[in-house]
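Okay, so chain A shows up in both of these, paired with chain B first and chain C after.
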Partner chain A sequence: MSELLVHRGGLHTTVQDIGRDGHYSLGIPPSGAMDQYSYRVANMLVGNPDGAAALEVTYVGPRIEFTDDRYVAVTGAEAAVTVNSEPVERWSTLTVRAGDVLDFAMLTAGARPYIAVSGGIGVDSYLGSRSTYTLTGLGGFQGRALKNDDRLPLGDDSVAPPTVGSTVPEKLRPTFPEVATLRTMIGLCSYRITDESMREFTEVPWKVTKDADRIGYRLRGGSLRFVDRKVPHGAGSDPANVVDLGYPIGSIQVPGGDEPIVLLNDAVTAGGYATVGTVVSVDRDTIAQTKSGDQVRFEPVDLDAALAARRDRRERLERTRESLRR
Partner chain B sequence: MATIKAAIPGVFYRRPAPTEDPYVQAGDTIVPGQTIALIEVMKNFNEVKAEQAGTVAGFLVEDGDEVSIGEDIVELKN
Partner chain C sequence: MATTSVELPRARYDYGGDEFIFVELDEAMSLEANFKAMAITSVLREENIEGVIDICPSNASYLIRIDPDRVHPAELVAHLESLEQTVQPLAEDKTLHTRLVDVPVLYNDPWTHETLMRFRDRHQDPEASDLEYAARINGFGTVSQLIDALSGAPFLVTMIGFVPGLPFCYQMVPRDRQIEVPKYVRPRTDTPERAFGYGGAFAVVYPVRGAGGYQLFGLAPAPVFDLTQSLADFRDSIVFPRPGDILRYRSIDQTEFDAVRAEVEKGTFHYRIREYEFSPAHFLADPDGVNVELLEVLYR
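This part shows the complex of A and B:
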C-alpha cells in the first residue's frame, strides 16, 4: 500500500504542482503552488522531478500517516513540525516509515507550508497538471481540499534524493518581513486613477483582509480616486469599470477605489474592472506567504526588473539545488 | 491562567448567527471539542473548539474583532 492516510485535513490543504498553463482563454486559471519557490525546493529535498505534485497547506497543517518508506520535506511558512510527536527539521530531507505520523503545530510566520513526499502525490493529471482548482472542483484530489480520513495515492518512489539530513541554508529560505514588498508593473488601466492616487497606491501599506485566498487577496489601506470620464461604450457605469479585458495573473483591480484585489493562481480570468498594475510573477511567492492581518506595499518596477527578478529566482533555486549534498 | 488561542487569522464571532445566543458566556463550563466561537476567513466560518476542559473566565477580544494567529481569545479558570 502506498498512500497517505489523512488523519486531519487542516484548514485548506490542496494538491498543487507547477500549474495548469495554457487554458486561461477557456476560463481555466493555472492554479498550482502559490509559493513556487518553497514548493520547488520541497521537491528537490525528496529527489522528485521539478513538476511533482505536493501538498500546499494554508494556516493550519494536516496530520498525515505514511504507509511505506518515503522521503519527506516541509518548506514554506514557519510552523513546528513533528514526526511521531518528535520535532523534526524543516527545509530538510527526512525519512519516514509505515505508521509514522507527520503533524504541525500552530503557524508562527508566513501562511503556507509545503509538504513534498518522494514519488509525489499520485492523483490523476488533468489537462497536464495535478493542481487542484477548488472553485470548479477540477484536478488534484477530487477537485477539493483534503478532509479528515482521506487516503491520498502516492507515485512510484524511485527517486535519488539528497543525503538524509541535507538542509537548505537559512539564506536560501524566504523571509517574512513585517511589510512584504510586491514588485509591480503599473498598467493596464492605471489611466483610470489620478496621478496623486497612483502615488498613494505605491506609498501606503495595504493590509490583507479576511478575504484572502487562492483566487485573490482583498486589501485595505488607501483610498484611490478615479479620473472623470465619459463612460465608453461597453463599460459599466461604475468609475472602476472599463470595457471587459482578460485579467493578468497577479493583476490588481480596485472596485470602489478603496479595496484593491490582487488576483492570484485561481484567478477569475476576465471582467470589467480597471486593473491598475500587476504583481510580478516571482513576487506571487511573497504574497502567498502573507495572511489576513499582514501588510504589503506595491513597488513599481519596469519589465527589465521583472525579468531580472525571474532570473534571480532561477539562480537561487540552482544554488539551493547545489547546496544539497548527494 | 490558561487561554484559548486563535489558530487562524480572521474575524472573531461569538455567535453561530447574528440573531442567536453566544456559544458560551463567562462562567460557563466547557468540555474538550466544544465550539466556543467562530473565526471567519477565506469566505468560511471556522469553528473554534476548546481543547481542554475549564470554566470561561472571560473573553479577551470583542465580537467582530480581527484576530491573528496565536492571539489569546478566551481566558479559562480551572
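This part shows the complex of A and C:
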C-alpha cells in the first residue's frame, strides 16, 4: 500500500506542481505551486524529478501518516514540523516508514509550507498537470483541498535516492521580511491612473487583506485617482472599467482605486477592470509567502531587471542542487 | 476595399511582467478590433513559435503568455508589430473558418428572476427587473422588443475567459444598434449556473454558479462548460465556445426549455452547429444582409 493517510487536512492543503500550461485562452489558469522556489527545492531534497506533484499547505498544516518507506522534505513557510511528535529539520531530506506521522505546529513566518514525498503525489494528471484548481474542481485530488480521512495515492518510489540529512544552507532559503518587496513592471492600463497616484502606488506599503487566496490577493493602503475620460464604447461607465481584456498572472487591477488585487496562480484570466502593472514572475514566490495582515511594496522595474531576476532564481536553484550533491 | 466604420489606432504593446505580452488594438470595442485580434492570433497559432505558451484573443486586444527563457519578449513584440502591418483581416479575400451555433435561451425565466430580486439593493433601479431597466435605458418600449433585438441578430464570441468557458459575446450589429447596460452597482454574490447575462456591450453565459455583476436576462438550458464531458459537444474539451464562434441566443419558451433540459440530463443533447466561412469585409459592408444569410445557413 503506498498512500498518504490524511488524519487532518489542514486549512487548505492542495496537490500542486509546476502548473497546467496552454489553456489560458479557455479561461483555465495554470494553477501550480505558488512559491515555485520552495516547491522545486522540496522535490530536489527527496530525489524527485522536476515537476513531481507535492502538497502546498496554507497557514495551518495537515497531519499525515505514511504507509511505506519514503523520503520526505518540508520547505517554504516556517513552522515546527514533527515526525511521531519528535521535532525534525525543515529544508532537509528526511526518511519515514510505514506508520510514521508527520505533523505541523502553528506557522511562525511565511504562509505556505511545501511537502514533497519521494515518488510524488500520484493523482492522475489532468490536461498535463496534477495541480488542483478548486474553483471548478479540476485536477489534483478530486479537484479539491484535502479533508480529514482522505487517502492520497503516491507515485512509484524508484527515484535517485538523495542523501539522508542533506540540508539546504540558510542563505539559499527564502526570507520573510516585514515588508515584502514585489518587483513590478508598471504598464498595461496604468494610463487610467494619474501620475501622482502611480507614484503613490509604488511608494506606500500595502496591507494584505483577509481576501487573499490562490486566485488573488486583495490589498489596502493607498487610494488611486483615475484620469477623467470619455468612456470608450463597450467599457462600462465606472472609472475603473476598460473593455474586458486578458489579465496576466501577477497583474494588479484596481477596482474602485483603493483595493488593488494581485492575480496569482488560479487567476481569473480576463475581465473589465484596469490593470496597472504586473508583479515579475519570480516575485510571485514572495507574495505567496505573505499572509493577511502582512505588508508588501511595489518596486518598479523594467524588462531587463525582470529577466535578470529569473536568471538569479535559476542560479539559486542550481546552487541548491549542487549543495545537496556534496 | 471594404468600407469600414472604425479606423483602428496604432496598437499599443506592453509587457505583463516577464511572462506576458499585452497588445491593445483599441481602447474601444468594435468588430474591426476583434477581427484584427482574431486574425493576428490565428496567424500566430499557425506559426507555432518556440516559447509561446498561450495565445489569447480578447475583445479589442490580445494577450500572449510566453516562456522568456525560450523566446525573448522584445523580439516577439517586434514580430507582433510586423504582424499588425501585414495581417489585414478586412481584405476582400480574407475569411475566418467559424461555427454558427444555435444557443437556446429562456429569457425572463423564473430562476434568474428569483436571483435578481434578492439583490435589488445592489442595482441601479431597484423598482424594475434587469430586463425592464435595460429596455428602458436602451429606448425599447417593452421588454419583449428588447428580447426580439437580442434574439434577432447573432453574437460573435470575442473572448473566452474570466473563468473556464465563459464566452464574451458582442452582437453583430452596427454600433448605433448595440445594446449597452452598466454592470450592477455592487456585484451579486450569487448567479445561477447557465445564466444569460449582459454587461457593457457584452452578453455572457455563466459557466458555473457564483458571484457576478452582469444584468440577468435569462437562463440557457444547455451548458457551456462540462467537466464530466458527458455530452457529445464536449468530447474534445470541457469548454464548448471558441473565440470566433457565431452564437444566436434564440428566445425559447418554457416547454422547449424543459425539453432541452431533459436531453441534457439524458446526455443526448447536442448544439445545432453549422461550419461557415465568414468574411469580415463582406459582413461590415452589409451586416443585416449577412445576418439573414447566417441564420438561413444555421437553420437550413
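Simple rule for what comes next: the second predicted complex is superposed on the first by the 323 of 326 C-alpha atoms of A that agree within 3 Å, B and C clash if a C-alpha of one lies under 4 Å from a C-alpha of the other, contacts with A are read in each partner's own complex, and residues count from 1 in each chain.
Here is the rule we use: contacts are C-beta pairs under 8 Å (C-beta built on N, C-alpha and C of every residue); 3 or more make two chains touch, one makes a residue touch a chain.
Predicted, not measured: the structure shown is a model, and the values here were computed from it.
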Query: Sharing chain A, do chain B and chain C clash or fit in the superposition?
result: fit
- request: Go through the superposed model and pick first if A:S237 touches only chain B, second if only chain C, both, or neither.
  value: second
Query: In the superposed arrangement, which partner chain does A:D68 touch: chain B (first), chain C (second), both, or neither?
result: neither
- request: Could you tell me if A:G137 is touching chain B, chain C, both of them or neither one (first, second, both, neither)?
  value: second
- prompt: Touching A:D211, do we find chain B (first), chain C (second), both, or neither?
  reply: first
- request: Name the chain, either chain B or chain C, that contacts more residues of chain A.
  value: C
Task: Could you look at A:E89 and tell me whether it touches chain B, chain C, both or neither (first, second, both, neither)?
output: neither
Message: A:L245 in the overlay: touching chain B, chain C, both, or neither? Say first, second, both or neither.
response: second
Message: One more residue to check, A:H12. First (chain B), second (chain C), both or neither?
response: first
- prompt: When the two complexes are placed on top of each other via chain A, what is the minimal CA separation of chain B and chain C in Å?
  reply: 12
Query: Along chain C, where are the residues that touch chain A in the complex?
result: 14-20, 22, 24, 26-30, 53-63, 65, 68-69, 73-74, 159-166, 168, 170, 175, 178, 180, 182-183, 199-202, 207-208, 225, 227, 237-239, 243
Message: Under the stated contact criterion, what part of chain B meets chain A in this complex?
response: 5, 7-11, 40-43, 46, 66, 68-70
Task: Enumerate the contact residues on chain A facing chain B in the complex.
output: 11-12, 58-60, 106-108, 210-213, 291-293
- line: Listed in rising order, the residues of chain A that touch chain C in the complex are 21-28, 135-138, 184-185, 187-188, 232-238, 241-251, 268-272, 275, 278-281, 303, 306-307, 309-310
